[in-house]
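Look at the two complexes coming up: chain A is in both, with chain B in one and chain C in the other.
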Partner chain A sequence: MATTRILEWCGRLYIWLLLAFLYLPIIIMALMSFNVSPFYQLPFEWTTEWYASLWLNDQLISATWNSIEIAIITTVISTVLGSAASLALYRHEFRGKKALQALLFPPIAIPWLITGTAMLIFFFGVGIGRGLFAILLGHVALALPYVIVVVSARLQTFAPELEEAARSLGANQWQVTSRVTLPWIMPGVIAGGLFAFAVSFDQFVVSYFLSTPGQTTLPVEIYAAIRKGFTPEINAVSTIIIVVSMALMLLTARSFKFGGEK
Partner chain B sequence: MAGQVVTGSRSGLRSALPLLLPAYLWLTVAIFLPLSAMVFFSFMTELPLSGRAWSFTLDNYATFFSQGLYWTLLLASLRLGLEVTLWCVVIGYPAAYVLAKVFRGRSREAIFLLVILPFWSNGLVRIFSWAMVLREGGILDTALNAVLPFKINIDLMYSYPAVIIGLVHSYVPYMVLTCYLTLQAIDDSLIEAGRSLGASRLQMLKRVIIPLSMPGLVAGAALIFVPVVGSFMEPRILGGRTGTFYGTVIEDQFVAVFNWPLGAALSFILLAVVLVILALASPVLKRVA
Partner chain C sequence: MAGVQVANLSRSFGAHKALDDVSIDFADGGFYALLGPSGSGKTTLLRQIAGFDFPDSGRIAIGGESVERVPVEKRRIGMVFQNYALFPNMSVADNVAFGLSVRGEAKATIASEVQRALDLVQLGKLGARRPHQLSGGQRQRVALARAIVTKPRVLLLDEPLGALDKALRVDMQIELKRIQREIGITTIFVTHDQEEALTMSDRIGILRDGRLVQEGPPEEIYDKPKSEFAATFLGDANILRGETTGTGIRLADGTAIAAGAGATLAAGAKASCAVRPERIRIGTDSGTSDPNANMLRGQISKRIFAGNNSTYFVDRDGQTIKVIVQNTGVEKLAEGQKVVLRWSPESTVLIAASQDMD
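Coming up: the complex of A and B.
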């Protein structure tokens, strides 16, 4: 039918418009980081001086290292603890299990503004204070529910008979877990780890409330710089961040299909 | 759900505990105890730090209810949440439909990924990128003046529309995601059957497609509305002076005014509002998950 054709054509066009809406600002921001004019003036003249000047900005570099370190440690801790918890939730039946699973929801659903300010108050009250350690505590807690949800989704595709078979062949609990279960859920564990890295590396709100002038992460540093005024240097560092986090998500998508299908 | 396996002696909470405890202990220390502490502090006159005297009080809540300012700002934030959610429905739902029903195979997968990819990238940077587009002498201004025969000044930066645009840009992938998941599950033969029985496209949309995809719409709406009501960074960067909302006032209590007890009370009131909204949406949210 002709109308169907036209409607489908409009639909396709619409999707491309949506993609333009989603990507154009990011592309423009990236382009401006290569533009000579410090006031973002056109015509466009190519330069990499803003990237070069990033190297001289010690504050930014130290914040970048903090971000990377915290993201890596967060990934390791939350992947290990989260996978363990997923296994326990998968293998065992007990009263209150539903409640424990429901408890994973608030950290994801409650606005970070509330979680972040609550952490600030509590950490201050118990003497942990602010700083990188507090930020790490917070990031792991934010990443854990994502890891557990993703690994649990993968575990749903696992046949428990495999564990039974290994056990009846004489494997002990550790062997069953490390040789049978873990290899099977590995794609889920990797995806969970990548999610955890992304949650930590892109996290702004919680880090913002928990950071101190010397101990900050990259997004917090960028926010401070934005509020002082826009400079092409911010564009440059922002471009790096967005490229890194998008590359990470592409990796995640490769190891874990969204929607849970295999 | 997973875990219908009960293998005799290996079941039960006791054997699950060693694997469960570390994760839940961490969540308790970093999420659940802080949220409880926030409620506690919101009833205090001072933070019990550095030996200052403190006592219990209802003043912080009295401040919220007696000063029109906080009410007004909470309402402004709720309205912002509503407007952003509506725009996300209007923009995201048709996109989800086209994605689920028009595109096929690999191209669908690729475009789906392209739509949700920005969502998982840095939110702060994406908000900042709009400053490049919206400010006077920015790309929108330059592009429109290059095309139009007359001179116009586009300076949307630091305005309410700028905040809306930035937030919609941030959250519309959520709506596409949740609606796509429910729309995809609708059997094509159902639509064909309805059409062959003489239903018009509009009737099909109203009577079949929208009702069947309602869970996705509600889930998307809840997942967008809640964080937008609590947003502060987006209005700060794109709203400038006009960007004062409930979230920015909470931020101020903690980083500028240092009235933490009042900040805790304001945060808790927001939490209560959020929990009510999530509770209302939770039957539907469960069905989607």
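Coming up: the complex of A and C.
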């Protein structure tokens, strides 16, 4: 009995340590965004000054909006294209299919530093150059393989007879896809979309290579700001982003019950 | 409702001939079983009739209309799949409603038709359930309701009872037959279960290696098989091989076996006779009996008691003959005993030496 209780206690301790490891730095950062001292000095004195001054930091705000915009557009484009590609790979046999599938994976493994350099050279070569449009193109290219991998994995659990049954009942290709196949793979599509959003929103390396000084994304802007001298405004903007993105994640997870569907 | 005609249908997958010049006429309103071992082409034939796959050559007509190049969604067929293929994201009622809904029928019409179909399969109260909340037999009924609610011209069933346990399968056989009679729909049923084919269908087509071996009513195929394969695949049969005398065969040891049915053959050719195990009488006396009866002597090597009947394995000249005897409480034959087997020429079917026996 006693050993069971000790083991149980150890298990709980382990979970708490794990959570602490994941969340402690974030919590400290969030706390410091409310601290008067810009140099992490204690005792803690409550203030919302940094949030107020955040609204006056035009550069940081415009970079945040850029990041959000690019992440949303990247998510939409790469989720739609990636899901369609997964469906095509699932349904059709064609020449070079194996090669195409094999070539979809390496971009995930290639270091972003190299992809970023390659994109910079390529975009200059074809006349796209740098800027927000180049960043968007880059992010879509980075996110696509993730979406295809996740949606394809979900499609592996789909019974092909379901599409045949729908067709035998008179459904055309669009009706089969929208009413039978899509509802089944939706958790995969959502997960793929979240991946795409994360790849874009977190993206520093490729964005850094492709941005111009005035027009940039939040990670690049934060990096630039830190180099100039740290301000707690960074803590403030980071805290806002963490709260919003965690809320989004929890909502999605709740409404789609990942893996819990039969 | 409509009949289905299949004429000279062939389909190959690479070097494999899945269907080889198959022609069958499926009568309007009939219940037809396609029977064969796995790989015989029965499912390929069903999928051709459904329209999931197109033939290399040959014709398919539904209700007199050529459909061999018409895709499945335009053929107006109903199909029940082996694993039911119910849509997991929809309720039972929505599953059944699917065919009407993609057609754009009015909501009120859909609701009443769905209820009627669910009532027909005796699931009227379960419309709100999800497929995963149903038993195997109930899923089967939903799949059937979904297939017939659109009033298809023909109902195709791909081993629909294969996943059910035995007791449930017998229930469903009766149920399926009742529903089929009630709506009078032409039904084509793929199975590898000979008992199912015998008890349910008006006609049976036996397929082997992509070819139609024999086709006809169950009694006819059972009583007059045209090949050793048909004889042994549909029911049990003893096959005796020898040279034909025109009206029977002569075995290697010179014993003559008279056949009252089957092929007409020129004397001297290789041929065989098929006899059903339950048609053979077994006894110890060699005396009084019908002088026309076929007779063989042998020794019982094994007896299997199965309650209402017993199966005897009788060894004779290197061959084992199977005999099934109803348990009348009189016959008491032991293993090792020497016996005489008799059966009438009418129970003997002459079969030409076939290419289809390996």
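The definition used in the following text is that the second predicted complex is superposed on the first by the 222 of 262 C-alpha atoms of A that agree within 3 Å, B and C clash if a C-alpha of one lies under 4 Å from a C-alpha of the other, contacts with A are read in each partner's own complex, and residues count from 1 in each chain.
In this text, a residue touches a chain if its C-beta (ideal position, glycine included) is under 8 Å from a C-beta of that chain, and two chains touch if they have at least 3 such contacts.
Owing to the predicted nature of the structure, the values given are computational and were not obtained by experimental measurement.
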If you stack the two complexes on chain A, which partner ends up touching A:I241: first (chain B), second (chain C), both, or neither? first
Of the partners chain B and chain C, which touch A:I68 in the superposed model: first, second, both, neither? neither
Return first, second, both or neither, reflecting whether A:A165 touches chain B, chain C, both chains, or no partner chain. second
Should A:A224 be classified as contacting the first partner (chain B), the second (chain C), both, or neither? neither
Which of chain B and chain C A:L54 touches, first, second, both or neither: neither
Would you check which partner chain A:L137 touches, where first means chain B only, second means chain C only, and both and neither mean what they say? first
In the superposed model, which partner reaches more residues of chain A, chain B or chain C? B
Is A:F123 touching anything from chain B or chain C once the two structures are fitted on A? First, second, both or neither. first
Partner chain(s) touched by A:V76 [first = chain B, second = chain C, both, neither]: neither
According to the stated criteria, A:V180 is in contact with first (chain B), second (chain C), both, or neither; which is it? second
Across the two complexes, what residues of chain A are contacted by chain B and by chain C? 164
Seen from chain B, its contact residues with chain A in the complex are 1-7, 10-13, 15-20, 22-24, 26-27, 29-35, 37-38, 41, 47-49, 91, 94-95, 97-99, 102-103, 111-118, 120-126, 128-133, 137-139, 142, 169, 172-173, 176-177, 181, 223, 226-227, 229-233, 236-237, 247, 250-251, 254-255, 260, 263-264, 267, 270-271, 274, 278
Give the list of chain A residues in touch with chain C in this complex. 159, 161-162, 164-172, 175, 179-180, 183-184, 262
Where on chain C is chain A touching in the complex? 50, 52, 71-74, 76-79, 81-83, 85-89, 98-99, 102-103, 132, 146-147, 150
Chain A contacts chain B in the complex at 8, 11-12, 14-15, 18-19, 21-26, 28-29, 32, 40-42, 77, 81-82, 84-85, 87-97, 100-101, 103-104, 106-107, 109-115, 117-125, 137-138, 140-141, 144-145, 148, 152, 155-156, 160, 164, 198, 201-202, 204-205, 208-209, 219, 222-223, 226-227, 230, 234-235, 238, 241-242, 245-246, 249-250, 252-253, 258-259
